[in-house]
Structure formats: C-alpha cells, structure tokens
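Next, two complexes with subunit A in common: one pairs it with subunit B, the other with subunit C.
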Partner chain A sequence: MSETVFAQQWLGKATSSRARFLGYLTAVAVIVTLPLVFNDTYWRTNLTVCAINVLLAIGLDFILGYAGQLNLGHSAFYGLGAYVSTLLIVKLAVPFWLAFVAGVAFAGLAGTFLSLFAVRLRGHYLAIASLGFAVIVHQILLNWISLTQGPLGIYGIAPPPALVVDGTVIADFRNLTAFFYLVAGFALLSFLLLSQLVRSPVGETLTAIREDEVSAASLGINAAAWKVFAFGVGSAIAGAAGCFYASFVGTLVPDAFFITEAFNILAMVIVGGMGTLIGPVFGAVLLTILPEVLRGLGDLRLVVYGAALTFVVLFIPGGMAQAANAVGERLWRRRSA
Partner chain B sequence: MTTTIVLQQAINGIVLGSLYVLVALGLTLIYGVLVQINFAHADFVTLGAFAAYFFMHLVGLGYIPSIAVALIVGAAMGWLINASIFTPLRRKNNELLPLIATIGVSVMMQNLMLAWFGPIPYAFETEFSRHVIRFAGIFVSWQNVIIIVVSALTIALLYVFMKFTFLGKALRAVSQDRETAGLMGINPNFLIMLTFVIASALAGMGGAMLAPVLVLTPFAGTSVIVKAFAIVIIGGFGNVEGTILAGLIVGLIESYTTQFLNPGLIDIVVFALLLLMLAIRPTGLISERREENV
Partner chain C sequence: MSATADGAAGEPLLRTQELQKNFGGVKAVSEISFDVPMGAIFAVIGPNGAGKSTLINLISGVYRPDAGSLSFDGVDLSTMPAHLRVRFGIARTFQKIRLFRQLTALDNVIAGFHVHHKIPAWQYLVHGAAFTADRRRCRDQAMQLLEFVGMSGRAHVPAGSLSYGEQRMLELARALATKPRLLLIDEPAAGLNAAEVDGLLDRIRSLRHGGTTVILVEHNMDLVMNVADRIMVMEYGRRLFEGTPAEVQKNPAVIAAYLGGELL
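Moving on to the complex of A and B:
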C-alpha cells in the first residue's frame, strides 16, 4: 500500500462519525467563544458578516460543487430573500419569523424556477442565464421604486424580535453577540443539513450526475429533477442569508445584490475548495476578513484581494481544502517515517 | 415627427450596437476557440477608454490616433492574460478555473484603475463630438460617423480574415477540433494567442469609441460586458454572424427603450429577450450544428 493511499485512509478515517461529532462540538465551542475573544463592535460586526457569507458559500457550493451547476447569479437569491422578507415586515407588518420563512421560500422557489428552465442548459449557457437572472433581479429592485424605493433604499429595518420565555428575555437581537449566535447557529444547522444530504444516497446521486450525466441517466437517475432540487435548496439558503442581512444591517439598497456580489460568493467557494462543504466555510471567513485586515492598504486592498484570488486559482486550484489535505499528508508521512 | 424620432433612434441604436458588436465579438472569438470566458474583457474596454483619453489629452494628436493606441493597449492586455492565466490553466482542463482567475484579474484591474484615476467620471469630449450633420431633421455627429465607419471597417476586415486567409481558416479549424488541427501542422498555441490579441484589441478599440457615450469610471466596462454576454448568447456562443446581428438588435432595443419606455428598463428588456432566447432557441439566432461527444 502506497503511502499516499495510506494517508488518504487516515484522513478518511478522520471523517468517521465520531470525529464528525467532535468536529461539530468544536464548531459550537468556536462559535460560542468568538464574540468573547473579539469584544469590540467592529470585529463582532465582521463575525456576523462572516456567518452570513458562510451561509451563502455553502449554499452555492451545494449547487456548484455537488450538483455541478455553474450558477453565476447567487446574488439574486440573496437579494430576493432580503427584499421579500423586509417588504413583508415593513409594508404588511408581518411578524419577523413568518417573513423569514416567506423570504426563504420565495428565494428557494425562484431558484427552483430558474433551474427548471435551465436544466436543459449546460456549463456556460447556465452560467450566463443565471447571470442574466441576477441582472434582471437587480434592475427590478432598482427600478420598481414604488415598491422597493429603488436606489434610495429602505431604512430602519428592525432586528428580529427578542426571544422571550416566561417573561424573561433570553436573547435580545439588538445585541451583536446574540445576533452572531443566531446567524452562526443557523449556519451550523444548514451545514449539518447539507452534510447529511451530501453523505446520503442523494449526495451520491448528485456526484454521479456531476461526474457523468449521461451514464447516471442510463442507470435510471432522473438527473434533471435532482439538479432542480439542489438548486432550490442552495438558493433557499441564500434567501435565509438575505433575511439575516437585512435585519442585521438595517438598510437595504439594490447595489448590495449586484452581480459582483455573486462573484464574491463564487470566489469564497473556489478559494475554500469547491465540492467540499468545509472548504467554502473557511473560504467565506478568509475572504470576508482579508479585505478588513488589508484596510490599512487603502485603495490597494481590493487589488491585493484580486491578486490573491488569481494566485489561488493558478497555484492551489483545489483551494484551502486541497492545501489542508496536502499538509495533512505531509504530517502523516513525517509521523510514519 | 414620429418618423424622424424613429429614424434618429435607429441611427443612435446602430452606433451603440456596432460598439457592442466590437466588444461581444471578442468574447465570441475566445469562446469559439477555447470554450472559455474572459471576465476581464470588460476591464480591457475600460482600459482602452482611459488609454485613449490620456493619449488624447497628454499627447494631443487628436482622437483618431488615440483609437489606435487603445487598440494596441488592448492587444497587449490580451497577450498578457493569455500568457499568464489561460496558458498555464489549459493543462488543468477545468472550465471553471480560468473563469474564476479572470474574475480575480478583473477585481485587480478595476481597483488599480480606481487607485490611479479616482472614482469621479471623466468627461470624454472629442474634436468630433460637437460637429453635427443635419439631414432631413436627423442629427448625426461626426463622432457617430467615425464610430460607424471604423466599426464597420473593422468588422468587415475581421470577417475577410476569418473566411479567406490561411490564418483565419486555421483559426476556425482550431475552434472546431483543436487536436486534429494540431495534427494538420497548425500550431494551436499560436492561434489561441492570436485570438486573445485580436479579441482584446477589439475590446480596447471599442472602449476608445464607447468612452464618449459611457460614464467613464474604472467600472465603466462592467455595464457593457453584461450586455455583451447577453449579445453573445442571443447570437449563439462562438458564432460571428449571430453576434453581429444580436449586437445591432440590442443597440436598437436600447435606443428605442430609452425613447419610448424608460432608460431604467433597458437591461430588463435585453435580459428578458436573453431568457426568452434560451427558452425557445438556446443555440442562438443563427444556429450552428455542433456534435456532442458522450
């Protein structure tokens, strides 16, 4: 048995169910400690933005990395979730969590609809169709002024209502830490859901479709239905991220959901490692924090960001997940030597 | 009166459309040969516009030579992006990686230009903007005449090159089957490089002529490229004739939407047309038969 195979098995073992359980415990511990370590407003705000971006990245990764659909319009579902929930709250005084469910459902349905229409299209055609969809959504948000107030934006969006049990306030979401726990907890749950899906027969079906759609179809797999399903789930998660974003920032402008946002999310998935769920989580955190850390560079910070993205693709095409595997393998070799 | 407006907007639409054609042709050429998308194409348009602006203002030889400068700058960028991104990634044989890498390049270029040129829009006036020809109630500026003449000449030259010269035929051979073309003694790497240079030269030149129409900021190219993508799909990816037709149609849609509906609706109309095309005729206006290997 070659060393590499051995190392891979060792790494494979590390993802056994017990290790996974430990992994989730660690994740919970990290989420709980983070706002205690970073105790100023600036970093706590960034933490919540990270959690929102993690939601966006894992949703897109499910569509792209597992179902193999090149979606360049993820910003559209993010924006739809944000605007639908906010408009329900602001215009119709719908309770927050009901509006949240509506926003998620609307984004999910929009994704399902686009995908139903686009399953016939492959590769770059789907990419441009989804990009076109994102442009249309952005333009509608911008131009339907009587509804969305266009570029003026919607201001003063309230945070989710405080969690009250028996008259005692358990979590007040005007508090940054509580808000972070809410979004990060939701992100962890979504991660759990997706990771169960990916390891279930559904995930294997999706992998089969991604690798070779024709062969999969010859085995009786209805590739189109599964692709639509994956697209719906991924865009619903983006919708949830949008609802959180609106109530977190308190302001909604259409430009937050311009197509460049879709490229940012795509970059998080690629830098993290497409087709692994854990990679995009780290990709989202890195690419959210990196521009903040580089703030000292002024105008040049996004130049460095762009350069970093290009270099990752050129030299570590598998992203952070690939880099971590390579490091793990090397450690294993050293240990066995 | 209405006829005059319709005619006037037809001319405006054709001017705009022929510029879109220049930008979209570059995307189509690259797609035809490599089945890849260069996202930084938009920024070559912007860079071409700035190159023309600064050449015109700092050197002072007038507008026409500055179009040539933009063309050269574009060509150089095309060579550079092919050598630095597409050639190294070709071996990896992954359709996604070059796309993402060029998104990175695009972010880098936009922000470099932002650092150098600042966010305030530049007013690009040429010596031809103010001279207007009046003809039967229709106004045409010399600027627009130059745009139409230069674009038409360029497109015609490109067409002749693709159809009748050896290199053009070799280029089409490479886009049909790169391996077999290689066996016939055609050097695909050289031709791919040539495609990038031609495509990006068109973008740079398009930028120099779009600049007086656009709001010239470091992000100007993005709005153009989004329409160029729509044009490339409506015309059929990799199809030169379809792209020319679709570009003119989109230009006309834009000018008529501005006149009779609302300028805010332009992108919605264009992309609704795109989605409609994808639904009823995904191979584009002029479809090309392509075999698919299973």
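Moving on to the complex of A and C:
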C-alpha cells in the first residue's frame, strides 16, 4: 500500500502544470530536432510512421485504457479514414483538407455506429464484435473493386497541398521533414486535447465506467453514452491517422488495414501502458522502431520482437509507464529519505 | 415516534405500490407497497433472502419491476434508468462493496460529483477559470465528505487497499457526493465492529438532521431499533409488518417469524 502512495506522490509531482508545460516544450524540441538528426530518407520515413502510429495508439488508449472497452478492431477506423479521404480526393477531386475532415468524421461515425450496438457487450463479446467489424471492413475494401480497386490498390495519391502564405511556400509536404512536422504536430495537438480531456471530469467518468459500471450508474453516469463517446473520439483519431497514411505512402491496399494491424496497435498500447496517455506514445515509437533496428537479424527479428512483447506482458503488465513510475518512485524515495 | 416521520402531513418522498420482481420462479419481491415520508429514517429488515436488497435494486434502478409502480417526489420511476434517478436525488451504497478499487479514496468521492459539474463544454479542452473553480470545489467538498466519514487521513490511499470498515464508509461518502435527497443504505453494518457501527449510526442521524431521507436495509435488528422512525419487516419477498420500532417489537407475527428467542 505504502508503495502505491509513494507512486501517487511522485506522479503528483510529475504532473504539476509546470512539469506538464516543460514536457510539452521538450516534446516540441524533440519533434523539431528529430528530422535534423536522422537526415536520411529511410529514418525520416520511419519518423513519420512513428507519428502516425502514435495517433493510432493514443486513440485506442482512450477507448481501451480509459473507458475500458476491449476494442480489437482499431484497424477498421484507420482504414476507413484512409479510404474515405483518398476516394474523395481521387474520384471527386475534393480538396485534401476537406477530404481529411470527411475521413475523420466518417471514421468517427463508424466508431459511434459500432459502439451504439456494442455498448451492451462487455469484455470478450465486445472484443469479438469489434474484431468482426474489422474483418468486415477489410473484406469490403478488398471486394468492392469498382470503388476501391480491391487488392490492386490505389496508386499515386498526392501529398497534402503545400502550405502557401502570400505566395511564399511555408511547407511543401513532398518534403519528408515537412510531412513529419505536419503529422507529429497533429499528434501533439491530439495528445494535448486528449490529455486535457482525461484530466477533466470526463477522465474520472470514463475510469469509473472502466472500474465498475453498476457503481458508475449509481453515481448518475450514463455508461452507454460515455462508451459511445469514447469510441467516437478514438476512432476519429484513427481516421486522421489513416488520411495521413494514405497521402504519406501514396499507395493504398486493403491489407494495410488487416486485423494484424489492430493487434499491432494493441501491442503499442499495452507495451506503453494502458490508461496513461504518455505510455502508448512511447509504446508506438518503440514498436515502430524496434522491427527496423532488428532488420539486420533477418527472420530472427520476429522472434526477438515476440519475446520482447511476451516479456512486457508477463513481467511489467503496466508497460513502460509502470516501469518509468517504478524508477521515478525509487528516485523520489531516495531523495526524500 | 419522531415528528419528522409524520407521513400524513404531506406527500411521501417515495411511494411504492404493489411492487413485484421475479427471478425465474422465485418471487424476490411480491406486492410490496409502502410510503417513505420526507425526512424519515425508514428501515427494512428481514432474514437473508427476504428480498431486501432486491427492493433497494428496484428503487435505485438496477432492476425494473415486473409489476407495480414506484414514484419519487411525484415522479414515476418505474421505467427510469438508474443513472437518471441520481439526478432526481436518489443515491445508494452496495451490500457487496463496489468501489473503484484502483482509484484513491479521494478520487472515488470526486467521481460522485458527476451530475454536479458546472463547466462550460469548451473548458473540458481548454481548462479555464470555471474549470479550475469546479475542480477546487469538488476537491474541497470531497475532502469534507471524507472528513464526515472520518477518513480525511486516508484520502490518497487506493480504495482497494482500505480496510473493510473504511471501504463501507467510503461508499457512504461517495454516495453523498451526488447530494441525494433519498439515500439507500444496503446492510452497512455487515462486517463492522461495534465501534464502527456506532460511528455509522451517528452519521446516519446527522444526515437526517441535514434533511436527507434514509432507507436503511439491515440484517441486524438492534441497529435499526436505535435509529429508525419506521420499520418494514419483510419475509419471503412479502411485507410482514410495518410500524414504529416499538410496534415492531410488540408484534406477535414479527416475533414469531423473525425475532424469535432474541427478545423473549
């Protein structure tokens, strides 16, 4: 018990508003510096993939870590955002940012729609329903050939239009660094807004639902409505990630949004630490970079990757956030002793 | 008999009529009708399986009645979901403790303010003055409630790490955070020692002085005799008798069915 109290005290210190401000300042500095340090195409590409995965992970964490809804179909919302925005751009020549808004809205509505039915389900049943939804979405993308071109894919998707002010190009998104700044900036903004939300009464409400729905209802909490809300927000963020992915890679195939992708995102959230927002950020970065770093090992890298995952789940179930807390707590105790 | 229990003076706060709830072939609650006057401490007693907790679940909205009706301050509750009843002023504790075990005692109580936040929607994303004021108010009031139940020193302990008696008191504080007009307390003394029971009774009495109406479900006869204005005795889902503590103690049917040798 006393250990938890120590952890709480330490966390209390670490999350004071000044510490948070410094944290965001550091994040901005890191985002600005990264593409300057990693200056080859390969790593700059990975950086943007990291930023996209961070979006996916914090969106899923909002649903899973805060509202406690076991969503195994996050890849579906990712894919819907990507395909809806791309099809609007390619087929109807809709301007990029308008298509972006439409993709985000569509993914968010799909999440809302799914959860309207799924709120009655809990645990395993919700997991199966959301997984089923992801399979259906993948099958539609694969088989509605007249619309999506199925497994042939959509090629030559343009990056977002350059940001031009008074005839001067501020940012040309054909440039990898500019694209990274765009996605990382959006991810940072999403993180900031989600963080504000979970530190408001909304965070308490979602946590209450996660812990005990009957108890939550006895405090006036409409659990069904809040679960739909969490799904809507989390899937909309996945939709944004999808829009960025399509315009970044320039190619869309349904298999990018197969259910294995949902499990990848889930692994990022778990390895990072569910129910903290910062954990899944690091989880996403680690699980994006690790396979690349291990590429030299050939097929062995999958073994190492799998072993690392198993290790985390078995020995640090709270993920990297828990590990960081344990270290911080120890430091705090030493300092106050 | 206390003056506050004078139900004839006005409309009762809670009225149930022919309330019924079946589980398969078992009539857990059958044809239960009673009025709870405003400001009263109304106790429901009966042996295990008499349907007391089912009755609490019907009033709080966990279950819907199969037949009959219940109204609160003139509002029909029969089909109203549990979370809405809280907004009308009904709160409860649970017989089997249901705290948010991973949250601190303080955060458990703060979660109880759900229906009382006064924050403009946009300030949920951009925390402004109204947000900060609301946070501070919730925190202060939560600390006051913890103090009321004698737990201000345990505010930052996770609920799951508290002792059994402390968990019961924390459930009471959390329910009070919803600012109820009617508080349903389900077997609060279960698992408490004598001193803790005394502390609990003091709190229930001071709640009534603050204007809260209380329905107290209890297994322990001695406890309710001390504190209740009216007592309803249940057996096998039915109402056996209803009256003042003195009347209950004298009633031959109650003595035969429930009190038995305890008083004789």
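The definition used in the following text is that the second predicted complex is superposed on the first by the 328 of 337 C-alpha atoms of A that agree within 3 Å, B and C clash if a C-alpha of one lies under 4 Å from a C-alpha of the other, contacts with A are read in each partner's own complex, and residues count from 1 in each chain.
Basically, a residue touches a chain if its C-beta (ideal position, glycine included) is under 8 Å from a C-beta of that chain, and two chains touch if they have at least 3 such contacts.
Note that the structure is a prediction, hence the values are computed from the model and not measured.
Engineer: Where does A:266 make contact in the superposed view: on subunit B (first), on subunit C (second), on both, or on neither?
Structural biologist: So A:266 only meets subunit B here.
Engineer: For A:129, decide between first (touching subunit B), second (touching subunit C), both and neither.
Structural biologist: First partner only.
Engineer: Under the stated touch criterion, which partner chain does A:250 make contact with: subunit B (first), subunit C (second), both, or neither?
Structural biologist: neither
Engineer: Answer with first, second, both or neither: which of subunit B and subunit C does A:151 touch in the superposed model?
Structural biologist: It touches nothing on subunit B or subunit C.
Engineer: Applying the document's definition of touch, where does A:211 land relative to subunit B and subunit C: first, second, both, or neither?
Structural biologist: After superposing on A, A:211 lies in contact with subunit C but is clear of subunit B.
Engineer: In the superposed model, does subunit B or subunit C contact more residues of subunit A?
Structural biologist: When the residues of subunit A touched by each partner are counted, B comes out ahead.
Engineer: One more residue to check, A:219. First (subunit B), second (subunit C), both or neither?
Structural biologist: Second partner only.
Engineer: Name the residues of subunit A shared by its contacts with subunit B and its contacts with subunit C.
Structural biologist: On subunit A, the residues that contact subunit B in one structure and subunit C in the other are 214.
Engineer: Hey, which residues of subunit A end up touching subunit B in the complex?
Structural biologist: 70, 117-118, 120-121, 123-125, 127-129, 131-133, 135-136, 139-140, 142-143, 214, 259-260, 263, 266-267, 270, 274, 299-303, 305-314, 317
Engineer: Hey, which residues of subunit A end up touching subunit C in the complex?
Structural biologist: 1, 4-5, 8-9, 193, 196-197, 199-202, 204-205, 207-208, 211-212, 214-223
Engineer: Can you tell me which positions in subunit C touch subunit A when the two form their complex?
Structural biologist: By the definition above, subunit C touches subunit A via 60-62, 81-84, 86-87, 91-92, 94, 98-104, 107, 110-115, 117, 119, 123-127, 131, 134, 138, 156-158, 161, 174-175, 177-178.
Engineer: Could you pull out which subunit B residues touch subunit A in their complex?
Structural biologist: Touch residues, subunit B against subunit A: 31, 35, 37, 39, 85, 88-89, 92, 94-97, 99-101, 103-112, 114-115, 222, 226, 229-230, 232-233, 237, 262, 264-265, 267-268, 271-272, 274-275, 278-279, 282, 294.
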